[in-house]
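Next up: some structures, all given as structure tokens.
Heads up, the next two complexes both have subunit A, just with different partners, subunit B and then subunit C.
Then we have the complex of A and B:
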């Protein structure tokens, strides 16, 4: 994992349910679908934790024109990628927050982060702490925008990497049990999800 | 890094300091139908349910700290989603199986609350309510069960131990046991007579009552040998102080078996009354008309000072011919009775005439506190002989008891000692057709009014009159699998229907369900071994030890050498 303290973008719009931040060029490692990120809120009194559920490259007029041009020089392509007119938009689902450096709360934050706040990736310790409990799975399942099953599978795969190897099986079983509780009425969906997270 | 779940800190699954292991929580049910308990998952799914057993005790800790002692009556598999049985996980997928088994499916117990122990008290009371929703359910520890069944003493006779609880004694309250009629039921070969013998040993040892045992198969008085050629001592052998006497109808067989016999019983034909034969009508195939004729013949011949049975058995009896001629009894009826009475010729214990000596002997012995085992010898194989003698003696002894009891009530004598009459093949005596007007039906119904109660040993409780069954105080039941028999055993016991699964799952030997008056709550016991330890418990010392004691006594009396 990369050092999570590096800021990976700045916020462009937000609500209590989630936020969208912008970044320039994606590195191979950031941002990733299902990654845990955090943003300051309430003038740095609180931190909002979220899961990346969408990464979008939006076109602009120039790209549309250039894309159709024949024989594009490589330098031109690189220039278009690095100096984009419209940045990459990364959507995040808010799943928890921490106020005044206290304990973690699962659920929606009292206030969303504000425009141009710096978004950073959670480090391993933060991911491990956040996934000590699986209360966030319910928020993901209930989200109207995020592809819930994919997001859960991706986030658990990310979280299990932070566990010591001999704990990984137990971690996934506990996650599976929480999912079974939440999806006890929808066995087909549960079966599919369990297949995705099986160690 | 993920820290381990703290759930177990709040809900410990390991044995606590008191040995209690949490099994689950109460999720529903009622007092009449029993409670539903959702089992915990335990260390791995299924490990709690597979160690359960019907008939075992659990303790439910109510919301107010009261403890509800309950018995497991059924065990079931359940799930949170009715579609689960249609879409089960792949059994080879251990990951999915464990998750499904932990969350979506669970074990369910049906438990029947029996006794209630108030907080900070030790005295159990009958249960009149149920524990609150989500009360925790624990296994019952040996200490818990000990509290319920109390300590063993003179009148609390150790009869066995609860299932899977070695060292815990289930004690039968002998005083209560003899207070009302009791029953030992079970298919043949399930150990009825061993349990009966163990109970009788307790009664005799504590002198809780005096016993008259109609020993059909020579099981009680002297030694018996089981199918593995093992010898077991009888009552007469275990009490060498003369408090048990063996009376036989068949001295030859008793002698061949090596039994010590104290008396040979003979019954005079002149003593037999039509009422004694009436009960045989089913066995002999006497019709109502024929039974009616018996009363008439007996009355007629009595007027002439003749012995009615002897005359009936005499083919050339002028008296009978006269009755025939008078046409008061049809010829066919008379001849049919005579044919059916042929059986009596084979009964060696019947003599042409005898005094009331036999009955007096038995009654006086009982009155002195001497227990009587009446061995039938070869006649045990003839039901008619057994029914005839049992009915004959019981009617007369009961009559004497009634007399003595009435005298005692009028301050004219001592109370007769409580008497327990043990009968085997009881359904022959207590058949619904005849139980209404036989002496055994009366005894069972009148309870202890005249200090006489029954100990019924039977393999077909469904053949016993329902009214009689409902009056049975204590029921000791070995394995029964006939639906009607199981139903009969539970008749007249409220809420016992839930125990039927328990009864149907008993082992074929040495296990019994005891319920009723003499135990605080129904209990499945592994009955006590009938061995030297039991002999010692009733004060019997084997021959080697007895010889040693005699030697010591002699030395004490005359000095060494």
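Then we have the complex of A and C:
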């Protein structure tokens, strides 16, 4: 723990476009699809911010075999969940970074985090700061891997929770305006997205 | 078509012959099975004479047969009830043998274990512990590098030691069965000439067996797809007359040549086991018996209706002669096989916890390399090994 935040996993592979970290059995609240997370990069000189866009449980032949049993006792279930060394893989889309404690930059980081770096959840203040501007929405829309519309809706729902109650409507209207600008040539998609984030 | 070292096109005709041969062999053995079965029933009719003769032969000759116990030879025992709460412990080991072509001389033993608390509805307790051996006295015996056989014997002793440790901590709380993923007799090839080393290895192994017995837990070795022919040899013995009792005749299996014990127990229904027999192997009688650990065995159908799975289960005499413990072993193994198609779940998991993968081995070698470099060595693998690493990947084979 370098900055008071609690690590939720460690990085297993990365590129400037994003990274994948591994964690054990998830808690009910972490990790969540659409959550903002951060990882150190450039030997802790910078922080990369990202959005969780996929949480995957992998299988193998043993888990497939016991999965087919109709009356599997709890010990087998707990063994597969708690002990088997098959980490849950969490994929993150990089959407911004901060260098040397300076201001936030939206876009891909100059260098990705590296193997086994600690990934932590962004706190409310960080999420509020990151979503003061909506520049990251374009990166999400352009991502070839992430389910962009779902991810935008989930991230905005997470961000709106950090706003004071009387600011929430305005926050979502501003997000809607930015989406309207970005999706002006795809009205059907825009309409669908706006419906998802309507206050 | 890339150039491959194994030219499959050359082998196709041989594969054809191989499969024809296998089906002929199967038909031939099936044809001899009724005779084998009839012989089994015949000797079962006179159990005392059969036992006497087998014990006598085992005493006088090197004979890898079976000696009947007080259980009727052709008896079938149904599946006993499983206790609501029992602890099933398994341990398995793996090793990295010393590599003359490697960076440094060492060998490594990794032991994985699992404690599965049946009926406790909690995650089993798993552990792996590795040890690396590099001192001269570990690596050399009489100026030559330690043999793979001795490393394997050390691994087997450590598996038993781990079972003894876990058995002692579990058996107070619930009936406890400890399982090994092989037979209970330490394996030594006939080539093993070094009598003193063999004595030492078996003494070490039996000391752990003593601890395990004292722990209060039961012990069983599980052999999947057993190819043993101890009972087949007993049948062969029944066909010999007194003048034929010599080492030459006892080496073979006569009319039952190439048959295996499991052929005799195809009628066992899921959950049922055969009678117990004493393994007449010379090592068993010479080393294990005087220490109270004579190894006995039975065959068990641990499968399900429609998909049988015949396992050979080996138990020491202190389990075999205690009906409650024997029933516990019987029931626990069948229960453990319920979700994994005829092989105990805990043994699969213990193997998984023990196995050293190629990636892990490579990572370990890198650590060794780093440590050597820090001490001013410039280690390197032999050019032969380097060559193997360069050419061993299928990707690097070009037309």
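To be clear about the criterion, the second predicted complex is superposed on the first by the 193 of 199 C-alpha atoms of A that agree within 3 Å, B and C clash if a C-alpha of one lies under 4 Å from a C-alpha of the other, contacts with A are read in each partner's own complex, and residues count from 1 in each chain.
Just so we're on the same page, a contact is a pair of C-beta atoms (placed from the backbone, for glycine too) under 8 Å apart; a residue touches a chain by one contact, two chains touch by 3 or more.
Predicted model, so just to flag it, every value in this text is computed and none were measured.
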{"item": "Partner chain in contact with A:58 - subunit B first, subunit C second, else both or neither", "value": "neither"}
{"item": "Contacts of A:198 with subunit B and subunit C, given as first, second, both or neither", "value": "first"}
{"item": "Subunit B versus subunit C as contact partner of A:173, first or second or both or neither", "value": "first"}
{"item": "Partner chain(s) touched by A:181 [first = subunit B, second = subunit C, both, neither]", "value": "first"}
{"item": "Which superposed partner A:73 touches (first subunit B, second subunit C, both, neither)", "value": "second"}
{"item": "Partner chain in contact with A:115 - subunit B first, subunit C second, else both or neither", "value": "neither"}
{"item": "Touched partner set for A:81, first subunit B, second subunit C, both or neither", "value": "second"}
{"item": "Per-residue contact with subunit A, leading partner among subunit C and subunit B", "value": "B"}
{"item": "Residues of subunit A defined as touching subunit B within the complex", "value": "125, 128, 131-132, 162-164, 167, 170-174, 176-177, 179-181, 184-185, 187-188, 191, 194-195, 198-199"}
{"item": "Of all residues in subunit B, those that touch subunit A in their complex", "value": "1-3, 5, 80-81, 83-84, 87, 89, 93, 95-96, 98-100, 102-104"}
{"item": "Complex contacts: residues of subunit A adjacent to subunit C", "value": "62, 65-66, 69, 72-76, 78-79, 81-84"}
{"item": "Interface residues, subunit C side, partner subunit A - complex", "value": "114, 116-124, 126, 338-341, 345, 348-349, 352"}
